[in-house]
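Two complexes come next, and they have one chain in common, subunit A, joined by subunit B in the first and subunit C in the second.
The block that comes next holds the complex of A and B.
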């Protein structure tokens, strides 16, 4: 479009490798969510995978945290323009959770306590690309950041990394989740700046 | 949670600054003419993109302050001291200058005139901006929905829209505003007593909108839940500090 703002750019931040287009670096950990923060007691926590044929597999907190977990250091990118580099998490890889699940589904819907949903293609959850994280920076995950456990899918915009997760539905066809139905992009690749529908 | 409307594709548009108002020492309202603007709902936001002469560009999201009037789009920009975009928009952008803008964005943190429930608005600092758009939309529509705003702000000098709010309270039946000053003696914070006294009882099943910095939103939304409000009727928007 070529609108140039004379005098703009004097306060620019230093350019940082690892920053997708349109993003800026933050050292805080901003919070973004649509409603109040739910507090989920660990004895009421569970995570359920439901396949496209209706079969279910469920873990309680003890069973979930007994699964093999991984420490990961990743960059995260929020659609509201902030990025945070080198964040450290501990969680269970979706590869581990889905290892014994029989499915041919290409799509998934992530579900959260409180009713939030977000859609993610199956291949974006597998091969070491996604975790259900329950520690951040060595500490138990705070409720406002999605504790007891949240999705961590760092290669997509962070709204895909649903907080307070409690389940995953496997689907043959893609469907929009909460923000996707409100005009946000179905996939959300930060490197392609897929912020909104049509990007 | 309810589903939101499905908007079309968002394209960048050239917006021209046609007017401005200084709201507080650190906030300025930009009145923008945006050709072919499709209109917006109260509570939605836009993305703004600035490009420097050498091609460097930066984007930020800002809430829309105005109700749609078929003419202009107003944004109120709060200065972030070490920011790179807000100081430019407040100090340097002149009437007649252009910038790129796209939107409206967001179908969740919105108030529509057809909503009939009482409304409780809780604002922390510059979080008042999208809530002001709701108050203005109610005014434009001559809405009868009972509205209450609790506005937490450092000092009276830091309050945006103060004169307009008192005029609307005088002229628009069913609108009430209560200020909480956090840096004026006796320093107050939004608390259970304040929301209990100046909000709506949970029995009225109001639609609640909470906007401000994360600490404010977390505290206010927790209080609403503790007072018995249905979490599904509490919509929040957090300002991570848009610099």
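The block that comes next holds the complex of A and C.
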């Protein structure tokens, strides 16, 4: 190997359009998991929204997939520093799921099969910013990537896009979820590199 | 992805404690099972260590290593029994 390597450090990562600071591009789809992958039969799948007053609204798989869906192409950014650009998904917008829900809550907690949780402000779920996705790249979402359905909140680090979702609790006050309680940032904006508490 | 065992976090825990914590005994808050920390089932290594009880799969401890800090979350453990040096 020569003394001068053009490949190492020759191009600033920030020079790639769409890549937040500190991130690198990947064309794979790495799998990160804080526990065993749950296998959820579709006839046992459901998604429940619970409001701050205890009201509940629940969809089974048939009802959920009958809702208006959207095809979206978005960039995703993992806090472990990989980013994947131009990913294609189909899912139901949170705007659709929350349209008839009476709430004044400012915060939410996303819940998953297997016990995972993550907190997201309400305003980050609305106005076309978040979906519950059930197809990736035109195919049913595989369990390793969060199937049958996962949260998709591409403007935040990808740990907020919880896999295997089964519910959303609406809250008046912010509370930490699984990784946030263990030191990760409460909000997680990749453009501000909000990786850990205090960042 | 496949999990490791708890011994794989020995290096990160060495930054926090002067003793080998993988040899310490935890008691799981979920089911009361007690065993060596090194026997935990270890997931999530990229974001941080998630040590799950081999009996009930509940999370016993989490270790998140930031560039300038290490976070240790022990809410899934009701007790951690550490050997005293020299005993």
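Keep in mind that, in the parts below, the second predicted complex is superposed on the first by the 185 of 199 C-alpha atoms of A that agree within 3 Å, B and C clash if a C-alpha of one lies under 4 Å from a C-alpha of the other, contacts with A are read in each partner's own complex, and residues count from 1 in each chain.
Heads up, the rule we're going with is that a contact is a pair of C-beta atoms (placed from the backbone, for glycine too) under 8 Å apart; a residue touches a chain by one contact, two chains touch by 3 or more.
Model, not experiment: these values are computed from the prediction.
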**Message:** Per the contact definition in the header, classify A:159: touching subunit B only (first), subunit C only (second), both, or neither.
**Reply:** second
**Prompt:** First (subunit B), second (subunit C), both or neither: which does A:182 touch?
**Reply:** both
**Message:** For A:87, using the defined touch cut-off, is the partner it touches subunit B, subunit C, both, or neither? Pick first, second, both or neither.
**Reply:** neither
**Prompt:** Taking the superposition as given, does A:26 touch the first partner, subunit B, the second, subunit C, both, or neither?
**Reply:** first
**Request:** Identify which of subunit B and subunit C touches the larger number of residues of subunit A.
**Result:** B
**Request:** Figure out whether A:103 sits in contact with subunit B (first) or subunit C (second), or with both, or with neither.
**Result:** neither
**Item:** First, second, both or neither for A:38, with subunit B first and subunit C second
**Value:** first
**Fill in**
subunit A residues contacting subunit B in one complex and subunit C in the other 30-36, 80, 115, 144, 179, 181-183, 195-197
**Asked** Inside the complex, what are the residues of subunit B that reach subunit A?
**Response** 1, 3-10, 12, 14, 47, 49-54, 56-61, 82-84, 87-88, 92-93, 97-100, 105-109, 214, 217-218, 221-222, 224-225, 231-232, 234-236, 238, 240-243
**Asked** So in the complex, which bits of subunit A are touching subunit C?
**Response** 30-36, 79-80, 115, 144, 159, 179, 181-184, 195-197
**Of subunit A, residues touching subunit B in the complex** = 1-9, 11-13, 22, 24, 26, 28, 30-38, 78, 80-82, 114-116, 144, 178-179, 181-183, 195-199
**Fill in**
subunit A partner, complex, touching residues on subunit C are 1, 3, 43-44, 46-48, 50, 52, 57, 59, 62-64, 66, 69, 71, 73, 75
